[in-house]
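In the two complexes below, subunit A is the common chain; its partner is subunit B in one and subunit C in the other.
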Partner chain A sequence: MSAVVRMLALLVLFRCGTAAATEVRTFQDPAQQQRYEQLVKDLRCLVCQNQSLADSDADLARDLRDEVYQILQSGKSDQEAVKFLVDRYGDFVLYRPPFNLMTLLLWISPLLLLFAGLAFIWRRSKQQNPAMAAELTASEQERLQQLRKTTQQQ
Partner chain B sequence: MRLKFLIPLSVFALLLVLLGVGLKLDPREVPSPFIGKPAPPFALPTVHAAAQTLSSGEFQGQVSLLNVWASWCVSCRQEHPLLLQLSKTGLVPIYGLNYKDERPAALAWLDRFGDPYRASAFDADGKTGIDWGVYGVPETFVIDRKGIIRYKFTGPLTEEALEKKLLPLVRTLQEEAS
Partner chain C sequence: MIPELGHIALIMALMMALIQSSFPLAGAAQGIPVWMAVAKPAGRAQFLFLIVAFGCLAFSFASNDFSVLYVAQHSNSSLPLHYRLSAVWGGHEGSMLLWALILGLWTLAVTIFSRGLAADFVARVLGVMGLVSIGILLFILLTSNPFERLASPPADGNDLNPLLQDFGMVVHPPMLYMGYVGLSVAFSFAVAALLGGTLDSAWARWSRPWTLVAWIFLTFGITLGSWWAYYELGWGGWWFWDPVENASFMPWLVATALIHSLSVTEKRGAFKAWTVLLAIFAFSLSLLGTFLVRSGVLTSVHAFATDPGRGLFILMLLAIVIGGSLFLYALRAPTVQDHVRYALVSKENLLLLNNVLLVTAAGSILLGTLYPLILDALGLGKISVGPPYFDAVFAPLMAPVFVLAGIAPMFPWRQASIRKVLARTGKLALGCLITGIGLTAVFWNPRDIATMAALTLAVWLAASALFSLTSRVRLREHWREGLRSQSRSVYGMTAAHLGLAVFLVGVTLSGRYSVEKTVRMAPGETVEIADYRFTFLGVSRVEGPNYVASRGDFEVQAGATAFRLHPEKRSYRVQRNMMTEAAIDPGWSRDLYVALGEPMENGAWSVRLYCKPFIRWIWGGGLVMMAGGMLSVSDRRYRLAAKPDESWQPASSASNVAA
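Showing the complex of A and B:
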């Protein structure tokens, strides 16, 4: 119960929420509009960290959307808009983290896990093969024949 | 061969440790890209007088703190007594960046709770805040004599953070160049 109350208090405190009525920003050029909309979807709001700039209703998100809008309006590229935010907030604002030394493990861990899994399976199959392929001894063969006979008779 | 059962157990233990460490991390603490970089320049009117300016040039030649605050910020009130206390000791000058506030409200707030700041810059539209990478008020920056940001504390200051991190750093920075 108290956890719920705390959660609510936090939400109020940081003014998180979904931007049900995100302001409408219009561009002359529909291509630019699309770039803007894609950009704000790929950038993280720092106040409500699991929301993108497009989704967040936090004050800061609105201000940052404004910055992105101004940058694009002034004819600059997407990279420049992203750089503006990364310079100030670090790689953390990117929902698609860049590939560098800091994020190396993040990027290659799926591959590492895949190889570890394959290696495991490969080793297991090698271990079991000799046991399965082992020849039966003469007495074992005889017993096998007997067993076959008895089951056929039934 | 007998110890084989230890393999899943150790994997489990490793996972447990990883998750445990993860619990201790504060996801709100985003590493600032400004550490070791010059303070982003600004020149803003002060809260007290619209005609006066406070600029980032103030940080040259002295170790200083820049505290980002606002009258609407609840946790600023929480850390405020600590800042007042610190300003009384005179160990380090504290500058304020009044973030997205209204002048009468900010002045009333300082009147009511006390003013630990040597001066507060009035950042009404929050542009300077964005330039400084502010995302959650209060934030406190430690700036060295050359005007380079050396440390950033996000959230309300605690006595522990002040004693263990900020003040020792201020002391070493003060000794560094004198």
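Showing the complex of A and C:
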């Protein structure tokens, strides 16, 4: 729980408000702007509860946005910008968790779940298929005949 | 005096809950009618005491009684009365009291609308609801008492979080809780049926309207929450995959699966065990949602409460509810037999496939939400799971759901031929594909394949929903008679699927074609985005009841017409935080969205301007889905079912083959 307390303290300190990035930036071309906007959306503000760099107005988020902007301006790739932040802050900064041993289950479980579900449907249908014809048991058939007779008599 | 009265009423409610669960459950097990008959009056009395407790807390808020800790924390004498009243559920303790009150309300509803049910079944349902109530009331009384007094009351309160001082947030929690807690009825029906061994079509017909009503509220609550986030948080998004949003979305997905599975159980008598399991999952996820939001285990935009003692209590409650019901399920499920046969290709299996996809989606969201918590708890490192993960997992699971929602209604029960269905719908599907590609190419971007695919799916959903309705209507000689002969639930399904299509259009177009710009604007300057000209006229100072604001004045030129927009930057006096109040010009085909950033030199401001095409369709779709749910609930057969039904006899249920 100390993490929570720390987080709250950070919140107070850094004032993670509900305003988004408001810096006025100029870009070389629209493609670069799009790269920048995507990057700050997929990176996490480290001092806020759950906000991306783009959505946070904490000072740290502001600084990190500047870093990302400068890296892109210097002509480096998105990967280099991400690597710079991960080297400093760890995987926590990534909203898209990397694929590694630790996150293996996270990434493959949806697939496993889906296949388990499909197998379940398949097995169910196969199990009952042979009995498709005989929906009623012998005694039920008999009773059906009887009922039919009595209704005809009426 | 009044707060103490409320406290006593809360204790009395707990006593009533104890009576409501102990005697009826024992009576149903032993076959003692007098004990079973205790359930209804005890349930009603419990609700009465909860109303009193809630009323006492509301009164303390209304009368600014800051000697009550909870009031002092969440209210202020300058807060307008309607916000003082909604502040009752503006914090942890009051939210839990609201939860308990709504459980009481559902209990009351069950006591009123259960006349046709067998006495032992009603006793079991109410008994199980009483057990849930005991857990929640104990939680409130032991860890989160809203009536706690302060020895030395402050002169004034700490004020309500400014984010919550808004109409959307006044209505959102009660609606969401109506949905969450409403699922406890479906859960209680399922557990009661497991206890009594009466899992059959009649059980499904009974639980279906309750589940639908809960689903309607949940849909409304989520839609409201999303709308609120859009206009209040000030950054123009409508869904953030925040753990607290996920907490409400998971039960919705499972409840959606449950509605579909219940329809199979009701109409065909199949999937009984699976339906029960879904009912258990749906309510468990609601409880888990409460746990996630209320225990402080998350640190997110919504999580306002933090206390480890509480977390442990809810975790134990969760373990008891989920563990207990799953244990019961494991004991009883093997004895449940489906007497129905169906082929691999049949409506039954398509609905089961829909269930598998929805549950997989819910499971993936659960995984993504809990994974970082678990890793962190085990000391294996800190990771973040955010929108990129959820988008990557969710979209491929949902695409087939949309295809299925269109095509499944056209498949017959029991056995279907893919070739026949394709022959019927081939042209329709081709038409949808052409429309989807055509619309994208003409109005948006001829090379945007993602939008083409999504629009094709949306058109397909809408077209196939209407197509399957027309083919039903065509069975009659005259179309008017055909329209009249359809049951409300057919119209409900059609509307709900149309709503899904509307939603998909909104998500796609607003996601792919929003234009946003962050610019510096000095008074008199004009900026143009997406054919709209925004002229900044300056900022003035405005005094609110408990805040001061800088109010921007923008003139927007849209073709020949012009109008004004007034975004605000508010500073709340007591809590000392800044709030961005965006100004929005809503429209059918686009929203214009202006938010003030920071003041800059010489009266200039940094300003964010958005044009978001079709974003309103997202919430519009939610409302249409909700309307579909309402139509289904109003179906005649549920009103007929409210009358005594001779097939609903516990003694005959063992041999009761699905009709």
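Just so we're on the same page, the second predicted complex is superposed on the first by the 108 of 154 C-alpha atoms of A that agree within 3 Å, B and C clash if a C-alpha of one lies under 4 Å from a C-alpha of the other, contacts with A are read in each partner's own complex, and residues count from 1 in each chain.
The rule is short, and it goes like this: a contact is a pair of C-beta atoms (placed from the backbone, for glycine too) under 8 Å apart; a residue touches a chain by one contact, two chains touch by 3 or more.
What you are looking at is a predicted structure, and each value in this text was computed from that prediction instead of being measured.
In the superposition on chain A, contact is made by A:Ser125 with subunit C only, not with subunit B.
Using the contact criterion defined above for the overlaid structures, shared-chain residue A:Phe92 touches subunit B and also reaches subunit C.
Of the two partner chains placed by superposition, only subunit C is touched by A:Val24; subunit B is not.
Legend: residue contacts after superposition of the two complexes on their common chain; A:Asp59 is shown touching subunit B, with no touch to subunit C. Within the superposed three-chain model, A:Val47 lies in touch with subunit B and out of touch with subunit C [touch as defined at top]. Between subunit B and subunit C, C touches the greater number of residues of subunit A. In the superposition on chain A, subunit A positions 49, 90, 92 are in contact with subunit B in one complex as well as with subunit C in the other. Across the complex, subunit A meets subunit C through its residues 1, 3-5, 7-8, 15, 17-25, 41-42, 44, 49-52, 54-55, 90-97, 102-103, 105-106, 109-110, 113-114, 117-118, 120-122, 124-126, 128-129, 131-132, 135, 140. The residues of subunit B lying in touch with subunit A in their complex are 27-28, 30-33, 74-75, 100, 125-126, 130-133, 135-136. In the complex of the two chains, the subunit C residues touching subunit A come out as 163, 232-237, 240, 242-243, 296, 298-301, 303, 306, 308, 339-344, 349, 352-353, 356-357, 359-360, 363-364, 367-368, 371, 375-376, 380-389, 392-393, 397, 518-520, 577-580, 595, 597-598, 606-608, 657.
Contact residues on subunit A toward subunit B in their complex (touch as defined above): 13-14, 46-47, 49, 59-60, 63-64, 67, 86-90, 92.
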